[in-house]
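Let me give you the structure first, and then I'll get to my questions.
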Amino acid sequence: MDGITPQLLALQVFTGLALGAIYVLLAVGLSLIFGMLTVVNFAHGAFFMLGAYVGVFAAEQTGSFWAALVLAPLAVAAVGMVCERWLIRPLYGRGIDYPLLLTFGLAYIMVEGVRIGFGKSGLPFDTPELLQGSVSLGFADFPTYRLFVIAVVAALLLGLWLLIERTSFGLIVRAGARDPVIVRVLGIDVSRVWLLVFGMGTGIAALAGVLSAPLQGVSPEMGTSVLTVAFVVTVVGGMGSLMGAVVAGLLVGVVESLAVLFFPEAAKVSMFVLMAGVLLVRPQGLFGRAGLMA
Amino acid sequence: MTADPVIETRGVGMRFQGFTALKDVNVRIQPGILTSIIGPNGAGKSTFFNILSGALRPSDGRVLFQGNDITGTSPHQFAHIGIAKSFQITNLFPNFTALENVRIGLQAHVSRYGLWRRRALLQGLTEEAMALLDTVGLADCAQRPARELAHGQQRALEIAVALAARPRLLLMDEPTAGMSPEETRVMMDLIRKLVGERTVVLVEHKMKMVMSISERLVVLHHGELIAEGTPDDIRGNEMVRRVYLGQGQH
Amino acid sequence: MTTTIKAAAPPIEIGTRHPARRALRAIAKHRIAATFVVLAVFPWLMPYQSLAINILIYGLYAVGFNLLFGYTGLLSFGHAAFLGVGAYTAGILIAQHGTAWWLAIPLAIVAGCVVALAMGLLAIRTRGIYFAMVTLALSQCVYFLIYQLPASGGENGLRGVNVSEVSLLGLKLDLLNPMQKYYFVFAFVMVAMAVLSRILASPFGGAIEAVRENEARARACGFDVERTKLLSFVLSAGFCALAGALNAIHLSSVPIETLHYATSGMVVMLCLLGGMGTYFGPFVGAALLLLIQDTASAWTEHWQLYVGIVFIFFVLFFPKGVWGTLLERLNHDR
């Protein structure tokens, strides 16, 4: 294996971390939504895609990438909350398959809607000027934008952690994830929490979409391919675990990037091999709890 | 003096992520009688029940059934070795009729993977299912979907389905939960009828009921066995009195 | 308690006087014959036979999926893998190895079952909530693997699956004639439906419904729930693989889209729109969806949007699907 220098390796690992950071965002959103609402959000990829498109649109309209970074997640979160309130909530009593099916149908409509509104072939998106180029970190040069992505995700995770572990809202989310009855007994309006959590989850997915726009452009299909990855990361990390989402997301990103280097033909399949391995050894996921909602 | 136990636990303990639910529980259940497991809330009764029924695998210790070590046996095998249970929260097949509920329980012992023959033709299952429904007093509800039955009827059906496993040991988790006094009386009569040819182990909260129908009692507290004996023994037991002080008697 | 889904056969009602219900009971008892009659007459009712053949094939695809979802209660989002494996196996054998159709088709079914065994062993041992996600992921894996296989033709799909004439026991069918091609496919579908009927009426049929109704109770009764699910998964894949093989012969090719996530999603929609857990529902769903597609795509290229809206509408208000709701209304008319 000639030509693989330590610099190249470091660069690939770093690329993997940046890629993984996006995956982490997706998995965290999925886990939040499932943990609180017991809904496997099959529209998560579609919200990611919607976020990317709204981000592109907002950037064009305002001329600022930074504005898009803030506006797009908020706008998509609003859409998400409307969906939760009117489409998904009626199905909570019916068993876990129905909300799942609804989100699947929702994704279908969202993708078609975007195709109608923005065309089928997708749109390019340039990396904002400030973040172009690369930064020299000791022995190798790392693309600035990817560094930025990692930084944003890390900041968001910190904020999320503080919210969940240190605030009363976070307490409700944690309690609700385990025992909705207790939350209701405490006199809190659970439905408001459902709304906010779904909004948060989809908003985070949208943020991931905006962040990934400079990396791969935007297309109506981008949500579908990323949904698979989000699911793999969730299964590997364990649903409902923040730590699991972080570890698994980064792991999948790095494995994929290294596979491109060492086994290019198997790169696409590498994450499935990882998933199969985890399922054989620890079916509930690396950080998942066995027996919860078996 | 005592016969070989039908089921016994030796040094059984159960830990859940740092929390110890049961510790070193040694219990011998005598055959052909009704034993009740009692204790205040959080004593570990449900955990112990789940270990006896195979739903949980103990962290420590062994479980022996009729002399054989069954620790770690797959949950679904328990019905085949002769242990059946009725759940605390009614757990039936909601859209099956009462008859079908019992019949499928019987079928599990005749054929589980048969792909070719018509199951309606399996000899005798329908008659035996009707007989079991009759035992629990539900013969006239045979064709009604389980979800349409009244709560007390569903609890009775729960027992009929458990009996479909032709068990030597019948485990019942709070069989009278949510029942009116009248329904409780009917259920108690039924349970009395079932003891003798089978061993019955009950987990219950209603002390008056437990004291009147049990032949032996097992008392748990904070996951440990604190007393075992006849109802009179238990009534006179100082520790048990202290543990239940303030809990009130049913 | 799970959702209320009708059991395969309507409950035996004592003293049914309603003529529609009596007719329904008679039909249910002879469901194979009834299906035979309806499907035999079907192509004469359709504007063109190709549509009828598509409905038949996608109906069979949905039948396989329904065995797992409607009857066993497991929601898989990866069934395109079985449709695809069946199609590519039959396609490659016929187009590149000159295998006879009567050997290629059974081999395609076997291939589908083998892939299902591998997928099922991974997907079933995990927590139930992961099942939809794992099946989706694993079928994407199958897609990538087959895509890279030189024999599959990659993006362009497989071409040259030419079976122009079949003869068996003296009977000759010209597959270039659409009507005769329909009856060729019809023969296989009827055999499959007969097999399905036997499976549903068998002890195993009772076992899978018990697992769907209440997994914990089924386990307590003595059913090995994991093994039951796995067997159902494999059988389900067999039906889908057959549909794939027939499709390869029908189109004389296998498009790579057969393995896409969209194809997995499509069968989910077919099954729900038609009626989960019913014998004939899948064909109703296939007819509904393909007819919508056929008519709507003439007016607008965005017919998929309308399908999606209809689907959501059904999920919210008619979860039993067209056929399932119809059966329910007829059976519970008091």
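A, B and C label the chains in the order they appear, each numbered from 1.
The criterion applied here is as follows: a contact is a pair of C-beta atoms (placed from the backbone, for glycine too) under 8 Å apart; a residue touches a chain by one contact, two chains touch by 3 or more.
These numbers were taken from a predicted model, which means no experiment stands behind them.
Here C is the chain whose Cα centre lies closest to the centre of all protein Cα atoms. Chain centres here are C-alpha means, and the one lying farthest from subunit C is B.
With centres defined as mean CA coordinates, subunit B is found 46 Å away from subunit A.
Note: centroid distance subunit A to subunit C, computed from Cα atoms, is 32 Å.
Each chain gets a centre from the mean of its Cα atoms; for subunit B and subunit C, those two points are 41 Å apart.
Shared interface positions of subunit C, i.e. residues touching 2 or more other chains, are given as 2. Against subunit C, the residues of subunit A that register as touching in their complex are 34, 38, 40, 42, 87, 90-91, 94-98, 100-102, 104-106, 108-109, 112-113, 115-116, 224, 227-228, 231-232, 234-235, 239, 265, 268-269, 272, 275-276, 279-280, 283-284, 288, 290, 292-294. Of all residues in subunit B, those touching subunit C in their complex are 53, 74-80, 84-85, 87, 91-97, 100, 104-105, 107-120, 122, 143, 145, 147, 161-162, 164-165. Residue ranges of subunit C in contact with subunit A, taken from their complex: 2-3, 75, 77, 122, 125-130, 132-134, 136-138, 140-141, 144-145, 148, 261-262, 265, 268-269, 272, 302, 304-305, 307-309, 311-312, 315-316, 319.
Considering their complex, residues 1-2, 4-7, 11-14, 198-199, 201-207, 209-210, 213-214, 216-225, 227-228, 231 of subunit C touch subunit B.
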